[in-house]
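Common to both upcoming complexes is chain A, partnered first by chain B, then by chain C.
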Partner chain A sequence: MIRLERRLQQPWWLSVAVPVGSLAVAFAIMAVVLLASGHEVVDTYRKIVEAGFTGNGALSATLVSATPILFTGLAAAAAFRMELFNIGAEGQLYLGAIGASWIALQLGDHGAGSTPLFVVSMCAAAAVLGALWALIPGVLKAFANTNEIITSLMLNYVAGLLLTYLIYDSASYWRDTSTLQARAFPQGKPMPSAAEWPSFGSNVVVPLGFAIGVGVAVVLWFVYSRTRFGFEVSVIADSPRAARYAGMRTRRKILAVMAISGAVAGIGGASQVAEFSHTLDGSPQGLQAAAFGYTGIVVAALARYNPLAVCLVAVLIGGLLNAGFTLQGADFPSGLVGVMQGIILFCALGGELLIRYRLTLRRRSRTHVEGGTTPEAAA
Partner chain B sequence: MRGITKRFPGVLANDDVTFEAAAGEVHALLGENGAGKTTLSNILTGLYRQDEGDVELYGETVRFHSPRDALDAGVCMVHQHFRLVAPFTVAENVVLGDHRKEASFFLHGRSTERAVAELGERYGLDVPPRAKIWQLSVGEQQRVEILKALYREARILIMDEPTAVLTPQEAVALFATLRSMAEEGKTVIFISHKLHEVKAVADRVTVLRGGRTIETVAASGATPQSLAALMVGREIEVLRPLEEARQLADVLALEIEGVTVPGDRGEIAVRNVSFSVREGEIVGIAGVAGNGQRELAEAISGMRDIRGGTVRVGGRALRGGDPRESILAGVSHVPEDRLGTGLAPSLSVTNNVAIKTYRGRSLSHGPLLALRRMRDAALGIIRRYDVKTPTPETPVRNLSGGNLQKLVLGREFEDHPLVLVVAQPTRGLDVGAIETVHAYLRDAAASGVAILLLSEDLDEIRALADRILVMYEGEVVGELRAGHASIEEIGLLMAGGRGA
Partner chain C sequence: MNDGLLVIVLAQAVLYGTPLLYASLGELLAERSGVLNLGVEGMMVFGAAVGYWATQRVHGSDEVVLTVAVGAAALSGAAMALIHAFLTITLRASQIVSGLALTIFAGGLGLSAYFGAELHLADLPATHQFRSLDVLGLGDMPFFGPILFDQSLLVYLSWLATLLVGLYLARTRLGLNVRAVGEAPASADAMGIDVALYRYVHVLVGGAFAGVAGACYSLAIAPGWVSGDVLVNGAGWIAIALVIFAFWRPELCLVGAYLFGGLSALPFALQAHDVTITPEFLQALPYVMTIIVLVLVSTAFARRRLGAPAALGRPYVREER
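Our next item is the complex of A and B:
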């Protein structure tokens, strides 16, 4: 019989051994799946590493995949550090995309042409809208003590429907109605060309969004570890009663943290519009199907809510996602790619359990006690 | 239990402990906090596993992997904090989790109620089986816990500091129950650090100190002084009541006028209470747990709203319900719940020292923290108040109870308060630490701090307080001056008998 027992102490080497072990287990399970479905194991693994990291241009593509989940991962980490479970990065990212595309279209209409102006104003508009969207569950949490997990999650669906409505079901400012074709097949207005964010590097192309994300991570790390605000957040996370006892303003902190989290997710939406779609993507099969917000939660959890670690994990997960795109084809169904990604995430998160608990194996047995006055039951 | 050794990171909690209790005896386990009593009982109840040594029950070596194994073997523990489900009835709580009956799926309501009533009669544990737990007093809830153990046919019952929540009269009734259980051949292990109780109820006493067994002695041949000496390893003073209230200047630091405070469920917990505390005075509030003392302390410290009346600190009225307002007015609060309210458990000693003062000029530059100065402040308190911690970065949850309390007291004293509200300052502390805490409180009073001392330990209140107020059901039912307060009189007031 297998039992879980809580560890009383956590040796330091566990935090290295467990992630490595989890990955090894994941690859072992995947090997079984691959063999069963008639694929070459070693060859597939080689392809994953090549497509995700080592191949020609692979790292550039990986950074593209990593950018949105870097932002949503940071958003989740920022909130989860205060034990505030904002599951709404998904919706806050949509709102960020709506805000960024609105300001970019506005600036375009007024003939602005300077890219730095576009970058700054798109980030600002996206951050504001993302923050406001996150403040809805934030206000409810702070003043009515509603469960932020449920409210922020539900708002994701509202945000998704809003996105679809703006492009598909209305003649909104965002919708392109200039041509006959665009009126028949709904799509967003194209962004002005100055709204396209630049990228750097020649061998490895780094999107500006990724660089901004790393900057945000450094700022978050500094704020959470070196400021009075961060100190208050850590006390509230550990013991809300102690925070209240010490005279901290918990409500304001809930609002501030939700706003920060929403703003970061919102900037992720701006980067999507400015770097990849160049229009507001309202399709339920587009931005909404990518589920960046939910993947971000996994990224944050694997990084243990450390903003700097989020950067690293986002690149790793981005590589896996990217490898998935490359692998799938006629002889490699996309479902199998999903299975592989699922196994890796499952093992990585499951391994976390082993840091806190230990497994013990023992036989089903009775506790024999002399005398027999105690009724015994099988353990 | 033979040669039990249990190590925790940096601590040897049990070091080759040997402990034997016979069937049919009440065996007291006496020791300071940190002596290893709790660790030992956690091993016996299957919560921890020993690193070395054997546990034998009735001559057979057993190895428990979980509390359930221990329950199956007939070892039951009544914890300080009860494990009862408030909306369930007494009978339902008694059968709850008794997996011997799970196979039958149905709850046999009637028959368990009858069984519970019978058990209650046999052992003098009078509780109505159909009453809901939340309707019962703390003393009655404790009886339900004991009934639970009896219903499961426990042969070994461990009681962890059972009298902390009882009036002196209820404690006497509990002792009678424990004796009658022992007469039937059951073993009662009675964990305590109160010497006169141990003497009153136990047949034999095993004293632990620093994780080792010191001696097992017959209770009849021991005196409180001899037990205390075994416990601490040196002669110590047994608490003696203050003979006379000290002479003090008539400057009021804390004034409470007709104050009414709501409880956790919106009921009235403190009703129209009035009193005052002068500078340098120690006023003790006695009462059975749950009679409004905690709510009163929380109202003064701003943790709880004030529904009626006024609280004045240094002449300034508080709006109430805002801890920061109280802190700024000069109130320091040493809460009953040190770890969780007074301290943030996973944060370091340094961060906990700065938990209030991080806002001030001395520990921050604008929005940034002055990390070096935070560490220096922590080192200062560690040194001056003799807090034993491996490093200032150690999470406070790894500190012992006595060191936690020294840390909280040190932090609060350094704040130079006008009024110090102290709740259960020595609960769970060892004799040595109690002496230190009492000395700190006396020093603070001597320097002019007005101290409101809430305690369930009457010896402590009588030893420190210039005046004693007794609370019952949210009201102050009596006021006694130091030197004119007998235990019996206070006990009577605590149980609701008005007069005096």
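Our next item is the complex of A and C:
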């Protein structure tokens, strides 16, 4: 029978080997799903790799897809590290988009033309609105001990409705009412051209948003692993009670971590406006259909909540999303990418067992027969 | 508000509250055994898809087809719950992340969308659906008739389910064991109760309830299949919140479900009566109210722990106490 023993020390290589192994297992399971629904496995995988990574210009497109989930992945990682389950990155990203487009339109109205000014102010406005939106569940968690999972998730729906309201059901500042056509078919005001963020590189084009995301990841990694703040966060994650006895201010940490998480997700919204839609996209088929917030959770979990690893995983999952967009059609039904994400996440979760426990094969001894089924025997 | 509108809103509250009731009863069973399952939304969407698919594949009278469809929805919900049970009970994974994974996997952008697209469910017109059933002629009763006794069979069955779950937990040996497993798994284990088995069974039954809840949408409320997040639209999450409002008591789930059913139905009822309120505001109401009620309940929690199973969310490992 298989026995599980808790590891006292976790070798470093396991935290690389297990996620890689989980991915391999996930693709094997996916192959079974594809076979069962009558699709070519090898052909589908070859197409995904080509459309996501190796094809002409594929990697550039993948980085565009990876940018929003890099931010939401970092947002999830930042919060989940303290066992604070902010599922609201989705809504915080919408709020970031609202804030960034507001400031860009304002600056445009006042005739500002320098792109660096736009980049900085859009990021700042998005971060502030994202953080404020995240602080709603944060404050409720800190002062009323309200379950942050449900409140942050409910606010995603509210944020989505707010987005729809601003473009479709009101004469808001964001809505384009300049032409007859725009009044009949609601759409957001176009951004001034200086608000389009630049990109770098010729062979592989790196969007500025992705570069900012990597910068944020480095900062988060430093804060969480090299500062007193980060240490206190990990103590609170392990044992809130011990942290309180040690004099750590858990309420402040909850507020700070929620604000950081929301701000990062908000900047993701800014990059969407500045690099992708170039307007506030309120339609249910646009920003709201992409589910960047939920994908961010998959990214963060596969990266084991390590901000630097999030960058790598975001590119990987971004490639999958990008392949999903490019290949959508009869051979590549919608939902396949979501199924894959789910399976990857399940495998990553199952793999955690191997990091935390050592599996040993041992014969059941004849003299000492255990009564009943233990959880170990079920494993 | 005139009388006619009130009756319509209340009747709709019962209609829209029914899936919430099924889903929250299922979640309650899982949580009472100590397993938090955040995959309710995903299991509901998948149940809705499979239930609708079954009505298209099975031929026969309405009764036969709908029975098979509800059974298929329950089985599909249980199958999804099995993944969560295996990961959290056997592999000791985080219940929170596993539940989220289940919603991403099974939900409107995952397996349900895949399933729906592969079988072209969205293009098929609805052929069988639950119709309202006037019991014992009580439907003609003024006021209460149309609200309570002119509903579909799913509504009457949900009352029976509430009663059965309540009696099961409070009055039976097995129910007592379930509560022991949820409150003090170590003691339950010492008494010879198979903790893992109890948890597996209740997570699976909870999944089956969620599947039926999903079928309420695709077979009764809005017969048909719509891909994406449109059909269930967050009801699974409201159901999870309902379990907390109900202090883990089935009879209070019924009250909460109809309250939130009413909030979900309000936009449609008011629109039909030409009351002009910004639709987004009305649609946001159930979500905002969920937050408000949750805050009220959790401040009450601070004073007294009301009903939450003590071992909720924690994996049970015999040698790690």
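Some points to look at:
Operating definition for what follows: the second predicted complex is superposed on the first by the 288 of 379 C-alpha atoms of A that agree within 3 Å, B and C clash if a C-alpha of one lies under 4 Å from a C-alpha of the other, contacts with A are read in each partner's own complex, and residues count from 1 in each chain.
One rule holds for everything that comes next: a contact is a pair of C-beta atoms (placed from the backbone, for glycine too) under 8 Å apart; a residue touches a chain by one contact, two chains touch by 3 or more.
The shown structure was predicted, so the numbers you read here are calculated from the model rather than taken from an experiment.
Once the two complexes are overlaid on the shared chain, A:177 sits clear of chain B and of chain C alike. In the superposition on chain A, A:345 makes contact with chain C only, not with chain B. Touched residues of chain A, counted separately for chain B and chain C, are more numerous for C.
Using the contact criterion defined above for the overlaid structures, shared-chain residue A:106 touches neither chain B nor chain C, since it reaches no partner. In the superposition on chain A, contact of A:114 is made with neither chain B nor chain C. After overlaying the two complexes on the shared chain, residue contacts for A:301 are found with chain C alone; chain B is out of touch. Of the two partner chains, chain C is the only one touched by A:289; chain B is not. After overlaying the two complexes on the shared chain, residue contacts for A:54 are found with neither chain B nor chain C. Within the superposed three-chain model, A:246 lies in touch with chain B and out of touch with chain C [touch as defined at top].
Taken together, the two complexes place residues 371, 373-376, 379 of chain A in contact with chain B and also with chain C. Of all the residues in chain C, the ones that touch chain A in their complex are 38, 83, 87, 89-94, 96-98, 100-107, 109-118, 192, 194-197, 227-228, 233-234, 237-238, 240-241, 244, 278-281, 283-284, 287-288, 290-291, 294-295, 298-299, 301-302, 316-318, 320. Taken in their complex, chain B has these residues touching chain A: 8-9, 48, 57-60, 62, 64-66, 68-69, 72-74, 99-100, 153, 155, 301-303, 322-324, 326-327, 333, 335, 337, 340-347, 351, 354-356, 358-359, 364, 367-369, 371.
Contact residues on chain A toward chain C in their complex (touch as defined above): 6, 37, 80, 85, 87, 140, 144-147, 149-151, 153-155, 157-158, 161-162, 164-165, 169-170, 289, 291, 294-295, 297-298, 301, 333-336, 338-339, 341-343, 345-346, 349-350, 352-353, 356-357, 371-376, 378-379.
Across the interface of their complex, chain B is touched by residues 3, 5, 8-9, 226-231, 234-235, 238-239, 241-249, 360, 362, 367-371, 373-377, 379 of chain A.
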